[in-house]
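In what follows, structures are represented as structure tokens.
In what comes next, subunit A is part of two complexes: it sits with subunit B in the first one and with subunit C in the second one.
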Partner chain A sequence: MSGALLLQSLILGVLLGGLYALLAAGLTLYFGIMRVVMIAHSAFLILAAYLAWWFNRETGIDPLVSLIVTVPLFFLTGVVMQRLLVSRLKPLTLTMMSVLLTFAVALIIEGALGFFFTGTQRRIPLPYASASLDFFGAQVPVVKLIAFGLAAVALALLFVLLKYTKFGQALRATIQHPEAARLVGINTDRVAGYGFGLGLATAAIGGTALSLDATIYPSLHWHWIGPLMAIIVVGGLGSIPGAAIAALVLGIAQSLLQLPLGPTWAQTVFYVALFATLMFRPQGFFGGRLAQRF
Partner chain B sequence: MPSVSSREPIATETVVVAPPAPVRRKSSRWVGLVLLVVGAALVLSFPLVAPNPYILSAGVVILNYAVLSTGWNFMGGFTGYISLGHAAYFGLGAYGTGLLIKYLALPGFVAWILAAILVVIIAIPIGIAALRVRGASFVIVSIAFVLIMLLVFQSWREVTGGSEGLNVPRPFDVLRPEHHRIFFYLFTALLAFALVVWWVIDRSKFGTALKSIREDEDKAQSLGVPTTRYKLIAYVLSALFVALGGGLYALWFGDLDPIFQFSILIGSYMVLMALLGGVRNLFGPLLGAVVVGIALEYFKLEFGDTQFHLIATGILLGVVVLFMPDGVIPAVKGLFTRKSDQASIREVTAGELLEQNKAKTAAAAPRTAASTEETSS
Partner chain C sequence: MTAPRHGRRIAAAIGTLSIAALTVSACSGTGDQGEGGGSDDPIVIGISLPLTGDFSEPGKGVERGYEAWRDIVNENGGLLGRQVELKILDDQSNADRVVSDYESLIAQDGVDLVFGPFSTRLVVPSARVAQEYGMLFVEPAGAAEEVFEQGFDNLFYAAPAIANDHYNNLADYLLALPEDQRPETAAVAAMDDPFAQGTAYGLRDKLEEAGVEILVNEVYPPNTTDFSTIAAKIAQSDADIVIGGTQYQDAVNLIIALQQLNYQPELAAFSTAPTNPEFAAAIGGATEGILAPTGYSPKSQFPSNVEFVEKYTEMHGNPPSEDEANAYTTGQVVAAAVEAVGCAEQGECQQELIDWLRDNEVETVVGPLSWDETGKPTGAHLIQQWIDGEILIVLPEDVKEADFLFPKPTW
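Right, the complex of A and B next:
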């Protein structure tokens, strides 16, 4: 195994980890705000990828432009979904029932994608698809760099939004203690709706980034939801930094393990990490009080 | 088991709910018995009246779903832990049976039993790991488990045959319709066995403890219920019945494919069927399996490969979760008994509870003091 190959795997791992981090941050948001485990997150991811592909096929414009439409669209969808569906569930059984409800949404999306676009595998033909940069002997594909850049920018925006704006403060207050947040005058219902929308917006960005260099098909989302779920449990449910760190570490591990094991077996690293976490530290590595009971 | 002669045996959480008039109780018991006999007669006569082998095979599929869903309900119904990954045990039971026949040349039904025992051995450590967490994390782990199994059985080509699938020789050397008929009765027997075990647990102290975990795990633990051990037993039992269903499926269908055996969809069907019928009812999963099974066959016939059945399943699951999370059976029962405003133990305040219990013990004390003691333990 040459040094250049190792370096390349490491870089690819970081690039992949960035995308995982963005998506896991979205999942963490839903969980933090509403104790909702959003199985449909990766289905929306694939939906966004399909929309980008469809946009490109119909107009011939770069798929990244589709973000202008999909991000607001997904945000609105998230708000509507939270207000009309999730908030109807009884608080007592919310966590379990939300899993089933979002699972149902995932099935509907998968079925609809298969219905409208058929099960054929799709790929966006990009002029710069095979271009790559040479980085100390390692070949780094441009599309992966763009995808990582998108994810990094989105994560940074999310961080700034949560940390420095009034809305972000309200959102974090809602996560920490909903009743106390209501007492100081925060409309937690509205904030929760917007938070849900933000989570779906990350799926829109992630999906568009994914569409650049992945072959997509309707049932692809099952391959994403497993690793993402593992990431948020390993990171500690509800902790965004935990999710981001776990995403980077596991992304790099997956990329490095592909060298000796091949791509299929390398995927098991997520599940091994998941079971190890449950055995030795069920609340996750960065989870606090919140993670323990769920 | 508590004595059944003088009072109707009811689960503890319904003891709390205001008891309906005694006359109605007796009649509802007769209605239940008649329904049971009619239902059993319908099921047993189905192979005789089925117009063609296709309909008969659809009946076998539905019975298989009923076995899986009832098996799932050992965990989901009693403890409230919803597993979306029980398809893993379905696949393991099926593949275990197939592989044992292929490599050890065992007779079909010996392999079937042995595979179920092996699945129990696998389910114990998985259960220990998964049951360390509650709620959402448990669901995540269950999904992860079925995804791992899919990965392993697809990639481990040399042993499992990978995506090409695995052929399981038929145990009986008969024509296809006759084969369907034999397996229809085998699945019926397995279903009956699962239902009887569920019924026994439902009325036992063990079952009451499991239900207390469902209602409030922390309180159950503080009252001395060994929650971890009980949950594990329920989990393993549930895995066992699903694996038995899977093994029998392998012997019947004869052709295994990892994508189907380890699909999350199968796991979600189990959940959907149980929820639709009602997880707290003995026959809930069976009823759900009949409804969903017929619907699935219909959609596959009408819409073929268009994935429309996914949309239909999704919409049905969403509707059930949003509007009748307790299932159809309680909803229908509520129409007749008009006391459905109290769904669970939590709906009653401590004061009301005291009043009800006082009234009840006052009524029951003269006649059957002993049995009251037993049921309230």
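Right, the complex of A and C next:
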């Protein structure tokens, strides 16, 4: 194995990990706020990718422009979904029932995509699809770089939003201790709704990033949800930095492990990490407190 | 709350859903044909197809092909002067169903002839049933090597070649090149799937035997969507040629990942995907020089194909694809035997049909077909290449539409 191949795989792993990080951040957010296991997260991801593809086909404009519409749309959808569906679940069985509920949502999205766009596999034809930049002899594909950039910017914005704004403080308070948050006057219901919307907005960005460099089809989301679930457990349920770091580490690991092990076994890195985490550090590596309760 | 628990829950839920789907999906066989015996009765042909479930897409294609064959035969006066009727049951892509379907078609309904179902997985169990009843079994799908290793003496595959022989024309061409023009190294990536691997490994093994060095030999699971590391390995090896044992999305993603890494092989051969109508749009038109084997082209000039394409296009508004053509071919093969032997019923007649096919060549929409003693067709696939935004037949020489470009232009 040559150094050049190692560098190339490392770069590809970082670029892949960045996308995983953004997607896992959204997924862990739902759990943090509401103890909701959002199986439909990756279905919304594929929905956003389809909207980007459809937008590009109809208008011929770069799919990134579709973000102007899809991000607010997904945010609103998230708020509505939380208010109308998720908040109706009984608190006692919320986590379990949310799996069923969001599983149903995922199936509805998958079915609707098949109905409207057929099962034909689609890809956005981009003029820069196969362009790449030279980096010390390794190739950095432009589309992957854009996707990584989108993910990085979105994650940074999410971080700033949660850390330095009043809404962010309220959201974090809701995550940490909903009752105490209510006592100090936070409308936790509304905050939870916005939090859910925020999670779906990350799916919109992630899906658009994904659509730049993937062939999409309605059932593609099943390939994503497994690794993402594993990532948020490893990172610690509810911890956004944890999810981001775990995603990056596992993304790189998957990419590098393909060199000696081949693609079949490299895929298992997510589940090996998951089992190891549950055995030795069930609260995850960054989350701590939250996960211990479950 | 842990992820494995979700996993079980998801699995259980998926299980429930698929059972529901099975119960809902209706059986498409209708009506009782009774015993076909008298000379004016229609000839009844029993078929079980995956009209629902995993293989419903190709299954319906095969159904369209069979129905087109029936319509065209009946229009031309039928077989032996008798009209042809199809009795098609839905096996729901399930190997147990397919067995009971053929049992009941042969034993209870007393059909005169049977045609094969779709996919290797369903062909093998149904061929065994047909074998027990001594029925001729011509099948339109089931290209994997294992179909012909079961010792069937009643089975014939109605297509030009099995998966491992798809690239034979290409291999012959490459190995006939002068020593200094021959590729020296190759990289192979194949999906973990008997058909996809069969195509790629058929070519790989022939080249390797002739001294071509295999630098990369990757297998990826069918759910792989990220091909960047596989592409990195191939690009780094800088092999002269790249062979992909692919279906669709994997080929598209792999080709783009290779292009992103500026890999320029002298030859790029991928199964299935390049003949898909979406292919050129999906990879942004950067198709130049990509090769694919194909068992059927609507443009090919075999006499019966011209009629088939014209009539089929009239019926459905679009030309037939490979599934339809293979089904139609099945009909042609059986019809040729029936016309030659002069009978179509259960009993001794079936063995006469089998014996006739063993010794004769049949003209079909995919060209003349003949078989070895295992029922394996002895031909090879056409090789098509993307040239100036069109996919054209380049090999073999005698039916080519354009000259084979080797080394291929840059993509």
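To be clear about the criterion, the second predicted complex is superposed on the first by the 293 of 294 C-alpha atoms of A that agree within 3 Å, B and C clash if a C-alpha of one lies under 4 Å from a C-alpha of the other, contacts with A are read in each partner's own complex, and residues count from 1 in each chain.
In the analysis below, contacts are C-beta pairs under 8 Å (C-beta built on N, C-alpha and C of every residue); 3 or more make two chains touch, one makes a residue touch a chain.
Computed from a prediction, not measured in an experiment: that's the story for all the values here.
**Student:** For A:L89, select first, second, both or neither according to whether it touches subunit B, subunit C, the two together, or no partner.
**Tutor:** The first partner, subunit B, only.
**Student:** Is A:L278 in contact with subunit B, with subunit C, with both, or with neither (first, second, both, neither)?
**Tutor:** A:L278: touches subunit B and subunit C.
**Student:** So, A:Y30: does it touch subunit B (first), subunit C (second), both, or neither?
**Tutor:** A:Y30 sits against neither subunit B nor subunit C.
**Student:** Could you tell me if A:V99 is touching subunit B, subunit C, both of them or neither one (first, second, both, neither)?
**Tutor:** both
**Student:** Based on the superposed arrangement, let me know which partner A:L220 touches: subunit B (first), subunit C (second), both, or neither?
**Tutor:** So A:L220 only meets subunit C here.
**Student:** Applying the document's definition of touch, where does A:Q121 land relative to subunit B and subunit C: first, second, both, or neither?
**Tutor:** second
**Student:** Under the stated touch criterion, which partner chain does A:A230 make contact with: subunit B (first), subunit C (second), both, or neither?
**Tutor:** After superposition on chain A, A:A230 lies in contact with both partners, subunit B and subunit C.
**Student:** Once chain A of both complexes is superposed, is A:S255 in touch with subunit B (first), subunit C (second), both, or neither?
**Tutor:** second
**Student:** Is A:K144 touching the first partner subunit B, the second partner subunit C, both, or neither of them?
**Tutor:** second
**Student:** So which positions on subunit A get touched by both subunit B and subunit C?
**Tutor:** Touching subunit B in the first complex and subunit C in the second, residues 35, 37, 39, 95-96, 99-100, 103, 107, 119, 226, 229-230, 233, 237, 264, 267, 274, 278, 282, 294 of subunit A appear in both lists.
**Student:** Tell me, which parts of subunit A touch subunit C in their complex?
**Tutor:** Listed in rising order, the residues of subunit A that touch subunit C are 2, 4-5, 8-9, 12-13, 15-16, 35, 37, 39, 95-96, 99-100, 103, 107, 119-123, 125-127, 129-132, 139, 141-144, 213-215, 217, 220, 223, 226, 229-230, 233, 237, 255, 258-259, 262-264, 266-267, 274, 278, 282, 294.
**Student:** Which residues, counting only subunit A, touch subunit B once they are in their complex?
**Tutor:** For this pair, the touching residues of subunit A are 31, 35, 37, 39, 85, 88-90, 92-93, 95-97, 99-101, 103-108, 110-115, 119, 218, 222, 225-226, 229-230, 232-233, 237, 264-265, 267-268, 270-271, 274-275, 278-279, 282, 293-294.
**Student:** Please output the residues of subunit C touching subunit A within their complex, sorted ascending.
**Tutor:** Per the stated touch rule, the residues are 1-4, 6-7, 9-10, 13, 17, 57, 192, 218-221, 223-226, 228-230, 232-233, 235-236, 248-249, 252-253, 256-257, 259-262, 278, 281-286.
**Student:** Touching subunit A in the complex: which residues of subunit B?
**Tutor:** Residue list for subunit B touching subunit A: 80, 82, 84, 129-130, 132-137, 139-141, 143-145, 147-148, 151-152, 154-155, 264-265, 268, 271, 275, 305-318, 321-322, 325, 346.
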